[in-house]
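Below are two complexes that have subunit A in common, paired first with subunit B and then with subunit C.
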Partner chain A sequence: MWMTEIPPFVPFFIGALLALVTRGKLRGAIMVVIPIVSAIHLWMVPEGVHLQIAFFDYQLSPYRVDKLSLIFGYVFHIAALIGIVYSLHLRDTLQQVAALLYSGSALGAVFAGDLLTLFIFWELLAFTSVFLILARRTQRSYAAGMRYLIVQVLSGVILLAGALFYAHENNTLEFGYIGLDGIAGWLILLAFGIKCAFPFLHNWLTDAYPEATVTGTVFLASFSTKVGVYALARAYPGTELLIYIGATMACFPIFLAVIENDLRRVLTYSLVNQVGYMVVGIGIGTALAVNGAAAHAFAHIIYKGLLLMSMGAVLHMTGKINGSDLGGLYKTMPKTTLLCIVGAASISAFPLFSGFVAKSMVMSAVLKEGYDWIWLILLFAAAGVFHHAGIKIPYFAFFAHDSGIRVSDPPKNMLFAMAIGATLCIAIGIYPQALYSLLPYDTGYNPYDATHVLAQTQLLLFSALAFVWLNLRGMYPPELPSTNLDFDWTYRRALPNVLQRVFSVIWRVDGALRAAFILKLTTCLTYVAGKNDRLSGLLSRNFPLGSMVMWVVVVLTTYLLLSFIQ
Partner chain B sequence: MIAHLPVLQVIVPLMAAPICLLLKRAQLVWLFSLITSGLAFLISILLLQQVMATGVISYELGGWQAPWGIEYRIDKLNAFLLLIISAISTIVLFAAQTSIEKEIPKSKHTLFYVLYLLSLTGMLGIVATGDAFNVFVFLEISSLSAYALIALGKDRRALWAAYQYLIMGTIGATFILIGIGLMYQMTGTLNMVDLSQRLPEVAQTRTVFAAFGFVIVGVCLKLALFPLHLWLPNSYAYAPSIVTAFFAATATKVAVYLLIRFTFSVFGVSFSFTTIPLQTLFMALGLVGIFVASTAAIYQKNIKLLFAYSSIAQIGYMIVGFSMATVTGLTATLLHMFNHALMKSAIFLALAAIVYRLGNVQLSSFHGLGRQMPLTMAAIVIGGLSLIGVPLTVGFVSKWYLLMAIIEQGWWPVAVLILLGSLLAVIYVWRIVEVAYFKEPLANQTPVKEAPLFFLIPIWILIIANIYFGIDTRLSVQVAQSAAMTLFGVTP
Partner chain C sequence: MKDEKKYLFDDPKNIKRVLHILYACCILLFLLDFVINRHIYHSWENLWGFYPIYGFVGCVLLVIVATWMRTFLMRDEDYYDKPQSTELNDNKGASHVDD
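And then the complex of A and B:
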C-alpha cells in the first residue's frame, strides 16, 4: 500500500522547510534526497484522481495523475535534481529554499486537476521564483525582478478572472479542454500565453532570466514556461491560432539572438524559439503533434539546462558573460567546453542527440497536416537555432579570439550536474524509445529514417557553412557591448518618452495660459505642478463642512426628484 | 434568564457604563469593561444559537404587547451583527488599557471606558431593537459617545474632526428621524413589523417617497457611502487608535445593517428598488467609491488615513453586493461585513501597537519596521493580503461570493471593475510592505522593540480568525446565507 494521496509538491515543500533550519552538508544532503525520493514516489503512483476536496459548490481535485501530467512531472524531478546538484556549492538560504519551493510549485501546477488549484500554484510559481532573481542582489536584478513579478502576478489575476468566467459558463472548475469559445477561453489563453512567452508577451523572460543568479537561471528556464506549455497542451490542443503564434515565436527571436552580446540572454531568446516549436505542436493537436510537444519539452528542459549551466559556469568562474569579453576558454576549461558542445549539438538537433528525436516529431506532424509554409518557417528557425545556440554560444565563449582569461573548470558539483544533463541528452538521442514510452499517446514513431536524418544533416551543414563563410568574410555581426532593443522598448522607453513630450506640450500651453490669466489662475495652477502631486493633493486634502453638507443636499434632492418623477 | 437575553444584550453594557464612574481606578475600570463586553459577547453567542435553532425571538419590553410597546426582535440578520459587534469590542478592549496609556491623559481614562461602553450599548441597541424610534434613540447614544471618543485623540485635529463628524452625524440622524416621523404620520405605528404591513397601503404617496428618501440618505451618510464619506477619513485618522480599531470594524457595519433593515424589512424589496432606481444608483456610487477611495488611499502618507480610505472602498464592495438585490448578492454583503470587521480591526490594532511604540503612523517612520516589529508588521501584511482578497484569507471568500453574485446577473464589466479595484488594494498595501521590509531604517530613527503582549495577543487572535474563516467558511457562510434568504422570504 503506497501513500498515493500525497501530491509531489508536498515533499518539496517539506524539504524547503527542512532546508530552512539546517546548514551546510546536511542541507545539501536533504536537498539532493528530496527529488529522488519524490521521483520514486511518483513512479509508484497509478493514474487517476487521488485527492478531492469540496469547495463551495465545486469539486476541487488538487492531485490528478495522467500521462500528460506524468511526463512533465518526471522531467521536473530530473530538472530539480540537476539544478540542486548544480547549486550544491551555494551557501545561500534564500536561493536554496526558494529553488525547492519553486520546483514544488511547478509540480503542484502540473498535477492540478482544477483551475483554482492551478491558479494557486500559478501565483506561487511567481512569488517563489522571483527570489531566484532578487538573490543576485544587484540594483539591475532588483528592478528586473520587480518587472518580472508584476507580469507574472498579472498573468495569475487574468487566469483567476478566466477561471471565474469558466466556472460560471460550465458550472465546473475542472481543468480539461477549454478551447476558444467564450470570453473564459480567451482570458485563460492570455494568462497561459504570458507564461509561455507569446510574441509581445515574452519580454519578461528575456528581461529577467539573464539577471538571475548563476544557479537561479537554471531553475527558472526549466519550470515556468514548461508549466505554460503543459497548460496549453491540456486546454488548447488543436487550436489553429497557436500554430501561427508558435511559428512566430520560433522565428523572431533568432534575429535578436544573433545580435545579442550577453550569452545567457542569447539562450533565453533561443528558449522562446524552442517553446515556439512546442506551441506549434499543440496547435496542430494530433496525437503525433502533442506527443512531439511533450517530448520536445522533456528534451528541451534538459539540454537548455545544460547550456545555461555551462554558461553559468563561465559566469561563475570569470565573472563575465558578454561574448565580446570572452573567448579562448577551451584551453583551461576543457570539460565545460565539451559538455557545452553536447548541449549545443542537442539543441541544434544533431542526429543521435536528444533534440533530434523530439523536434522531428513536431516537424513530421506539421508536414503531415499539410502546413507546408509553417514547415518551411520552422526549418528556417531550426537553421537559426543551430546558428545562434549551436555555434555562437560555444564559439564565442570557448574559442574565437583569445581573451587571455585563464580560469579552471568549475567546482565538481557543477561539472557533475552538467555531466548528468549531457548523459541524458545523448542517451535519449540514442535510445529514444525510453522517452517515447512515457508520452501521452502511442504513435509508434521512429525518428531515424533516411529522409529525416538526411534533411537535418544537410540543414546543419549548410547552416554551419553559412556561419563559417560569413565569419571569414567579416560579415557576421560582431560581438559588441551594446543594448539591443526588443519590443519592451515600446513600453519602457517609447511610451514614457511620448508621454513626456505630450506633457511638455501641455506644460507649455499651461505656461501661456498662466501669462494670460495670471491673476485668476495662479491659485489653481499651484497644484498642477506635477501629475502625482496634483492627484495626491486632490485626493488627500480636507474638505470643509460646507462641501460635505452640499453633497448631502445634492444626494437627497436627487433621490427625492427621482422618486417624485415616477 | 434565557428569555431575557435580548434585552440583557443591551442593558448589561448600558448599566455597566455608570458603574465605571464609581470604580475610578483605570485598571479596575478596564477589567470591568472587559468583563462586561465579554458578557455581551457570550449573550450574543447564545442568541445566535437560539435563533439558528428556533427562529425569530420577539421580546416585549416591560410586557407591553408589540405594536404598542417596544419590541426587541432578534432574527438571523441582527444576531449575526450582534455577534460581530460584541466580539470585536471584546477583543479590541483587551488592548485598550495599554494603548490609551500613551494616547489619553490619565484623568480621562475612566471617562474613556464609560464612553466606550455607551457607544457599544448604542450599536447593540440599534441592531437589537424592532422599533423604528428606538433605532433613533440608540443611534444618538452611540453617535454622541462616538463624537466624544474621537475628540479624545491626542492630535489637536481630533477636535476638529470630531466637530465635523458631529455636524454630519447629526444631519444623518435628523434625516433618519424625519423619515421615521413621516412614516409615523402615514401609518401611526413605529414598530418595524407593523410598519412593513401598513406601509403598502399608503405606498404610492409622496410622503412615503419622501420618508424613504430621507431614511436612505441619512443611513448612507452614516455608512459613509461615496460622496457622503468625507467626514470619515479624518475622524478615523485622528481618533485614539483603539477607538479607530473599534469603529472601523463596527460602526459602518451597523449603518449597513440599518440600510438592509429599512430597505428589505420595513419598506420591502419591491418598493425600495422601484421608487427610485436604487440598483443603478448604488451600483454606480459603490463602484465609484471603490475607485476614488482606493486611489486616494494610494496617495496617503498617514497610514491610519490610508486604511480609513480603504474602509470607504470596502463599503463600496458591500454596497455593490447590496445593490444587486439577490440572495447571493446580499450574502456577499453580509459576509463582507463579517470579514471586513476581522481584517480592519486586526490592521488598526496593529497600527495602535505601532503608535504605542513610535508615537505616529507616518509612512516615513515605517522604514525598517519589518525587522524591528516583525509580528506586528506580519499582522499588517496578512491583514493587507486579506483586504486584497488573496486565497486562504477571509477577503477571498467575500470577493468570491461577490463575483459569483455579479456573474449570476451577467454583469461582466462590473466583475472586471471589481478585480481592478483589488489591484488598487495591492498597490497601497505594497507601499507599506516596501517601506517596512525593503528600506533600511533612517539614521535619525531610534530602533523600537516589538509591541507588548497586550497588543500581540488580540492582534494575532484576529489574524488567525482571518485565516481560519478564510478556510473554514461554514459558520460565516451558513449564517450569512440563511439571513439573506430570510430577508427575501425564501425558506432556507
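And then the complex of A and C:
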C-alpha cells in the first residue's frame, strides 16, 4: 500500500507548511491534528524498510521501521502532541512552524536507515530548533542560540566526516552497528556524543535550553538528546567506554544542579544526569540494558516535559524563574503544584510512577553484569536526582519562603498538556507492561518485587530526610542570584581572554617590528637619497626627474608612431 | 494588606504534621528491613540498613560538596553579560587597529 511509504516526518513538514499560511484557531487545530494522524498512521505501519533510493553506488533507505526506531517514534509523537497543546495559546508563527519542523526532523532521524539521511535530519534538527531559542528575542537568547547552533552544526559536520570514512571502509552507508573499530567509529561516536551531551560536550544544553522560550524548551528537551540516545543505541550497544561516560554524566551534573538558581537550568542538568543512565544502559548492551535505556528515554521524555512545562507555567505567569525570586506559589497555583509534584515523583523514580519502572531496568542490568562501582555511583545519582529535581524544584518554586507573588494557574491549554503528561507518568508507573510491550526485546522483566520497591522507597525517603535535616540545621545552600561556572567557561571566557591576550601581544610585537622596520627603511632611503642627491647634483641639477621621464616618453612615442608610418 | 487568607502551610502546625509523617514513614521503612525477606543481588545489600544510610549520607555529602563548590564556581548573575575584565579593557590601545 502506498500509504506505508510515507515517512512520519512528511505529515509534520506538510503541517508546518499549512501552519505557515493559516492563522489563529485553524492553525491550532491543524497543529493538534498532525501528530494524532501521524501517530495512527505509524501504529499501522509494519516493520521493514519501506523506502529505498539508489544514490550513486549506495543504497539509501530513508524510512526503516523496526522495534528500536518505533518506540522512539511513538514517544516523539506523544511529546510533539503535548508540546503543541502546551503552546496552543501562542500567536507566534516562527515558534509554531519551527516546533513542527523540529518534531518532524527528529522523526526523520529515528527512521533513517542510512547515515546520509541521518546526517540530513541531524542538521535539520539543529537549524529548526535554534529558532525556538531565538524566538525568546532577547540578547542573551540570541547569543546562546548562536553558540547552540555552532555546536550542533559541528556535530553534524563530524557525523558527515565519520559517515564518509565509514562508507570508504565498509562500502555501505547503512546505519546499523558501528562500534569503535576505525576512525569512522570514533568520529561518529563524537558526533553522537555531542548530541547526547557527554561530559565536556554538554554545555550547549545547559547553556541554551534555559534561554529558550517557555514552550520552546519543552520541545527542545524532548528531541535532540533522545535522537542522540537512539543513535547510540543503534550503533554502539555493548561499548564498554559508554558505561563510564554514562556514569560520569549521571553524577557530576547533580552537584551543579544543587547550587543552580535558574530552575529551568536545574532541570537541564538533571536532563544530562538522566541521559547518563541511558548511556550506561547502552554501554552494557544486554537485552535488559538496552530495553532499560529505551524505556527510560520513553518515560523521561514525558516526565521531563512535564517538569519543564510546570516551570514554564511559572515563568509564563510570574515572569521569573530563579529560585531566589520564587516561593509560596502553591497558594495560588495549586494545580500546577500538583502536576509538578507528579513529574518530580516520576523523575525521582518513586514506585507507581514512570521513572521507577524504567530506571530500575538499567540498575538491574548494571548489577547483573557485575559493575559494582558503577551501580553505587548510579545509586548515589538516583538519590541526587530526587534531591535536586524531586525536592528542590517543587520546594523552591511552590513552597519555601513566601515570595509574595500571587498569580493564578496558567491558561487551560497549558494545564491540559501537563495533565496529559502527568496521566501518562502515572499510567506507565501503574501498568508498565504497556510500555514493556513496545521495547525492542522481550525480557519478562518485573519491577514490582517487594525487595526492589522497599529498597527504592528507603533510598528516596531517607534522601528526603537528609533534605529536611539539612534545611532545619540551616546547612542547605540558599538560592542565590548567581552564575555558576561550568565547562562552557573555557570557551566563553578563558579562550577569548587567552586569545585576546595573545593577539594583543602579537599586535604589540607586530607594531614594534613595523616601527623598527620603517625606521631602518627610512634611514636607508635617506642614506641612498643623500648619495643620490650628491650624484644627481652633479649630473642633473637643472633637469628634474619628472621632465626627464616625460621627454623619454615623448621620444619613445615618436619612435612608435614612426614604426607605424613605415 | 488584603491578602489575609490563610493557606495550608501558613500554619506551622501543618508543616510539623508533614514532617512527622515523613519521620514515621522513615522509621517504618527502616523496620520493614527486618520483616521483609529480601532477594539479595549484591553482598552490600546485606549490610544493615544499606539503602537508608546510603541515601542519607549520599545526600548530605552531595549538599556539602556542592556548597563547597560554590566557593570557586559562583559568580555574579550577569557574569557573562558584562564586558570582559577591566584589566583587558585598559589595554584597548594594544588591540589591533589597521592603519
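Brief remarks on what is shown
Throughout what follows, the second predicted complex is superposed on the first by the 498 of 566 C-alpha atoms of A that agree within 3 Å, B and C clash if a C-alpha of one lies under 4 Å from a C-alpha of the other, contacts with A are read in each partner's own complex, and residues count from 1 in each chain.
We adopt the following convention: a residue touches a chain if its C-beta (ideal position, glycine included) is under 8 Å from a C-beta of that chain, and two chains touch if they have at least 3 such contacts.
Every value quoted in this text rests on a predicted model; they were computed, and no experiment measured them.
In the superposition on chain A, A:556 makes contact with subunit B only, not with subunit C.
By the touch criterion defined above, A:454 lies against subunit C but remains apart from subunit B after alignment on the C-alpha atoms of chain A.
With both complexes placed on chain A, subunit A has more residues touched by C than by the other of subunit B and subunit C.
Within the superposed three-chain model, A:168 lies in touch with subunit B and out of touch with subunit C [touch as defined at top]. When both complexes are overlaid on chain A, the residue A:433 reaches neither subunit B nor subunit C. Contacts of A:545 after superposition: subunit B is touched, whereas subunit C is not reached.
In the superposition on chain A, contact of A:446 is made with neither subunit B nor subunit C.
By the touch criterion defined above, A:408 reaches neither subunit B nor subunit C. The interface of subunit A with subunit B does not overlap its interface with subunit C at any residue. Touching subunit C in their complex are the following residues of subunit A: 139-140, 254-256, 258-259, 261, 330-331, 364, 367-368, 372, 375-376, 379-380, 383-384, 387, 399, 406, 449-451, 454-470, 475-477, 480-486, 492-493, 496-497, 500-501, 503-504, 507-508. Residues 3, 5, 7-9, 19, 22-23, 25-26, 29-30, 32-33, 36, 38-42, 44-45, 51-60, 62-67, 69-70, 72-81, 84-85, 88, 91, 94-96 of subunit C are the ones that touch subunit A when the two sit in their complex. Residue ranges of subunit A in contact with subunit B, taken from their complex: 56, 116, 119-120, 153, 157, 160-161, 164-165, 168, 183, 535-536, 539-540, 542-543, 545, 547-549, 551-552, 554-556, 558-560, 562-564, 566. Of all the residues in subunit B, the ones that touch subunit A in their complex are 164, 167-168, 171, 175, 206, 209-210, 212-214, 216-217, 220-221, 227-228, 230-231, 234, 274-277, 281, 292, 295-296, 299-301, 305, 391, 400, 403-404, 407-408, 412, 415-416, 419, 423, 426, 473.
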